[in-house]
Amino acid sequence: MTYLHHVLDHLRKDLRLEWRSRDSINGMLFFALLVVVVFGLAFDPAGYPTTTRQISGGVLWVALLFASITALNLSWARELRNQVLEAQRMAPAPASALFVGKALANMLFVLVVEAFLAPIFIVFFNLHVLGNVWLLALILPLGTWALVVNGTFFAALGLRARNRELLLPLLLLPISLPALLAMVQATTGVLTADLDAIQINTWIKQLVGYDIIFTTICILLFETVLNAE
Amino acid sequence: MEQRNPTLRSVGWLWFGIAVAVLVVGFRQAIFLTPTDAAQGDAGRIFYYHVPTAMLSLIFPYLNFAASLAYLFWRTRDPLKALSADAFALASAEVAVVYASITLITGSIWGRVAWGIWWTWDARLTSMLLLWLLYVSYLMLRRFSATGQSQTLAAVLSVFAAVDVPIVYMSIRWWRTQHPAPVFGGGPNSGMDKSMLPAFFWNLAAWAIWGIFILIFRFALQRRRQFAEQEAALQAIEASLEIPQ
Amino acid sequence: MPQEMSTAATTRPATLANAVQLDSVSKIYGSFAALRNVSTTFSAGSCTVILGENGAGKSTLLRVVAGLINPTRGSVTIFSESPHQQRRRMAYMSHSPMLYDELTAMENLTYFAGLHRSGGCACVGSPEMALRAVGLDPGLNRPVGQYSQGMRQRTSLARVLQSDPELLLLDEPFSNLDAASAQHMVELLADFRTWPVLGGGSRTILMTTHQTALAKPLADNTLTMRNGQVLGPEGGE
Amino acid sequence: MTYLHHVLDHLRKDLRLEWRSRDSINGMLFFALLVVVVFGLAFDPAGYPTTTRQISGGVLWVALLFASITALNLSWARELRNQVLEAQRMAPAPASALFVGKALANMLFVLVVEAFLAPIFIVFFNLHVLGNVWLLALILPLGTWALVVNGTFFAALGLRARNRELLLPLLLLPISLPALLAMVQATTGVLTADLDAIQINTWIKQLVGYDIIFTTICILLFETVLNAE
Amino acid sequence: MPQEMSTAATTRPATLANAVQLDSVSKIYGSFAALRNVSTTFSAGSCTVILGENGAGKSTLLRVVAGLINPTRGSVTIFSESPHQQRRRMAYMSHSPMLYDELTAMENLTYFAGLHRSGGCACVGSPEMALRAVGLDPGLNRPVGQYSQGMRQRTSLARVLQSDPELLLLDEPFSNLDAASAQHMVELLADFRTWPVLGGGSRTILMTTHQTALAKPLADNTLTMRNGQVLGPEGGE
């Protein structure tokens, strides 16, 4: 129970910090939008509707991935600013509560961005979803959590490195590639209706497994990372 | 220090000599003694380099994983042991990257000959590439982080990487694959022609011996670096202790 | 928490217990030894001021005691346990404020008080009281980022005081403060030492500074460091 | 002449700083590689060779864009570290020399990355260039300069903003969209041989025009940006 | 550049020319006035120490003089021209070192010397001499990032001295320095004032500090600021 209280404390603090500035969310949103536009320009969606449907799952996730990478870095940079992180390390509260709180906060931010982005994306790429739309409501959060939980962890891991901004993608991308693969395949499967229910199911199950495994590892190892001098 | 020890040094030289000798024998077997593959011609001989390095490059990551776990375990309990575990982890990661690179390069040369393309996003190939990427990012982390913290962080990353590797295998198992099926323990048609066996095993042994050699060599080098650092610090401490207070 | 003047070093009953004990502690950065074989103790209830030139290792010593960095060799015990286990009883204030710029002083303090709670409610410290003690208005509705440096330093002090620490570590608390603010802070610290401890212990203070004159009235002992070693009058023994 | 000397001084300093750490180049290289792999996984190039050829121009530029954004930010972050930037502002040397020196240094870094990336890209995407390959040797540097000159400028513009890392893409992407469009179209045109020589020519001319115009504007306005408090 | 002791304030012939002139200068951040209608002059050849509590506007004043920030209202003239045009003749040292951590002291200084040249060759300052003057070894082959704070501060001083400025602006040059290093820096500055100027002018120093005692021997005038206004004995008139 105390643990839960701590998590909520951290979560509330992060939400409040974000609310005061709204930098991360606005930035992510605009960035994701720009990526979508760049892809729109680069690929000419109107010309080839089938091609578009094939690639749009990939585009969506790539846009979200890059948008969230910057925001994830920011979320820890805040802790670094006045060396607040040292205060966190000195506090008797469990370190992993800090991690869980921040991951939840980041999850919320990215979900908000997705909620805005999805309709724009559909309009821009002129998409008609051929498969079962409701599956997307399952795939999106699962995929987002996979990105966010690892991203939060690796942003913390690279916190005291020389070039933080550069390091996060270098660590996060290789680790998340299997999850990315599953998300893209599942999303594209739903969009094009190319995959049957069983195949999509398999991808979703993998995503769930990935989420569970990595959340556990992150929580277990976070204290070590935080206290590595 | 182990490297200053003359017997160990001569054992090292001996091992090096054996590695070179076996590599030469393997080369002779593979290039001159084995009959040319009916289907692929001389290009098929890449097999003797591709498959052994591929097999070995799947082993080194686990050495790295084990060493990293040992590091995390000993980190607070026995810092000296932890340091040697860390040196071993670094060495095995580097050897893993080297072997994975060789696999990727020989594989794509073979692919160019056999399939007409350098690369395809097939399950085997992709998973190998991911393995390579994971350990390169491990080395990158060690480069980017400041001294003192890199070991712990790298050990943590290594745990993630080791967990990721099986997931990679799982997640792309469903892809159609262009890469040949496993030779050993596959279907009824698996296994290789008797004429190929000696060349294959000579090369497998050669690459294993060679891999262990560079692993230990790299380990010793890293140990020596660690010792030098410690010694410098110790000297600094001792020198200051001699000053009358 | 009245702010009476009690600047003069109050002579306290010498408690035998050691608050902090360092056993041949060394800290090595790369090949540079920031701390060299430091062995010293600080007895509970004392106020020790650490002096020394730049790069002498004062901050490093404090951070080792705080458990923020692990010594390369040697051991540190706080109240006979590892620093990690005694976090609840100590507080550390460095020269940077360790506060969120976007939150107000009250929000900051409430948040940090929450980190100290062990039960359901955050009742360990009381942010308002701490803020009043340092002479700030708890109702002030401005984010800390807009405070002046002196106000920020005071808020930072309130942050460490509210957790009611038995061992207080201060790293150059007076640097960048003007004379009046610094004097005020000295008085506050002297006052802090007189606060009663719940379990019946006493308050220990360990601080570094370059402004010797300011710290003198507070100090029971002073300690000089040079090149990572403790010279000078040994403190607390 | 003095101006040229100043430019060379700045260029030499930036190259030396990079040489001391080699962080930017290594990071960019690995990052660009990762982006290519991410796209490879997301879009499955082997399955659809024609689609691949159509999208690979876009993918190449998007990868380079993302890779260089981080490096561009880093290149100014160095100036910010010990407030060296204030020393630069106080110096009597012309401000635009600093800009030109840094843009040239960044150009070199990105070109090195391209030289490594191009073969890898061709291998991974299994590309057969159908058009005139040598045109690429013209398009790549022109496009790179367009990215780098604006990127260096906008990184300087966002230098004192709260969330630097997030700001640069938000400023850079909209401004570079026309150049990006030209690069992508010209590159795709060469790869697919869909466009005739005249069309490609037009795109290249546009790129040249864009480069000239924006280089001029950047040089003229840089001093203002540097001294904007 | 001999490092003789010349700490005592050398009384110089009062040159009539004003090195710096501020005319009802105000600087407003958002709705906060950091400088309020400051009018003052600093005569050429004088050494002025600016005192004042935290947030009084000392640094802001210095940065306005340096031309790093433009005043919201009022005008600043340096040697009868705008600060921007007189960059060649002045130098500014803030509390952060303004050096590249990755380069050695020599590389840093050579680079900055290059920024000051007007012809083909970088012959304005001479980095070696400046480094020797501040007591550092020009051959030292370590990046500045690995220097101790005191060494970094000295390198920073060498950076401003090598450009041979007639107007030197120092923002808290002694903060974070231990007593010996600070004393050394005071001597250097006193020495600097005696260096001859090429065109036949004199050296003007403007500095802020909290350590009054240290700066006293140097100062011809002191100036106190409060709330963005100049109180105290007006300097230079």
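Every chain is named by a letter (A, B, C, D and E) in the order it is written, and numbering of its residues begins at 1.
Quick note on the criterion: a contact is a pair of C-beta atoms (placed from the backbone, for glycine too) under 8 Å apart; a residue touches a chain by one contact, two chains touch by 3 or more.
Given the structure is predicted, the values throughout are model-derived calculations rather than measurements.
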Margin query: Along the graph of touching chains, what's the shortest path length in steps from subunit A to subunit E?
Written below: 2
Checklist line | Most remote chain, CA-based centroid, reference being subunit A | finding: E
Checklist line | Top chain pair, ranked by how many C-beta pairs fall in contact | finding: A-D
Note to self: How many angstrom lie between the centres of subunit B and subunit C, each centre taken as the mean Cα position?
What the structure shows: 49
Notebook entry, point to check: When the C-alpha atoms of subunit A and subunit D are each averaged to a single point, how far apart are the two points in Å?
Noted result: 26
Notebook entry, point to check: Approximately how many whole Å separate the CA-defined centres of subunit A and subunit C?
Noted result: 39
Notebook entry, point to check: What are the residues of subunit B that contact at least two other chains?
Noted result: 130, 133, 136-137, 140, 144, 148
Item checked: Sequence positions of subunit E contacting 2 or more other chains -> none
Margin query: Show the residues in subunit D shared as contacts by 2 or more other chains, in ascending order.
Written below: 21, 23, 27, 30, 34, 37, 41
Check: Where do chains touch, given as pairs?
Finding: A-B, A-C, A-D, B-C, B-D, C-E, D-E
Next item on the list: Spell out the part of subunit D that touches subunit B in their complex, as residue ranges.
Entry: 23, 26-27, 30, 33-34, 37, 40-41, 44-46, 123-124, 126
Note to self: Per the contact definition, I'd like the list of subunit A residues that touch subunit D in the complex.
What the structure shows: 21, 23-24, 27-28, 30-31, 34-35, 37-39, 41-43, 48, 51, 54-55, 57-59, 61-62, 65-66, 70-71, 73-74, 162-163, 165-167, 169-170, 173-174, 177, 180-181, 184
Margin query: Can you tell me which positions in subunit A touch subunit B when the two form their complex?
Written below: 150, 157-158, 160-163, 166-167, 170-171, 173-175, 177-178, 181-182, 199, 202, 206, 209-210, 213-214, 217, 221, 224-225, 228-229
Item checked: Complex contacts: residues of subunit D adjacent to subunit E -> 1-2, 5-6, 9, 13, 16-17, 20-21, 78, 81-84, 86-93, 229
Next item on the list: Using the touch definition up top, name the residues of subunit C that touch subunit B in the complex.
Entry: 26, 28-33, 36-37, 70, 72, 227-229, 231
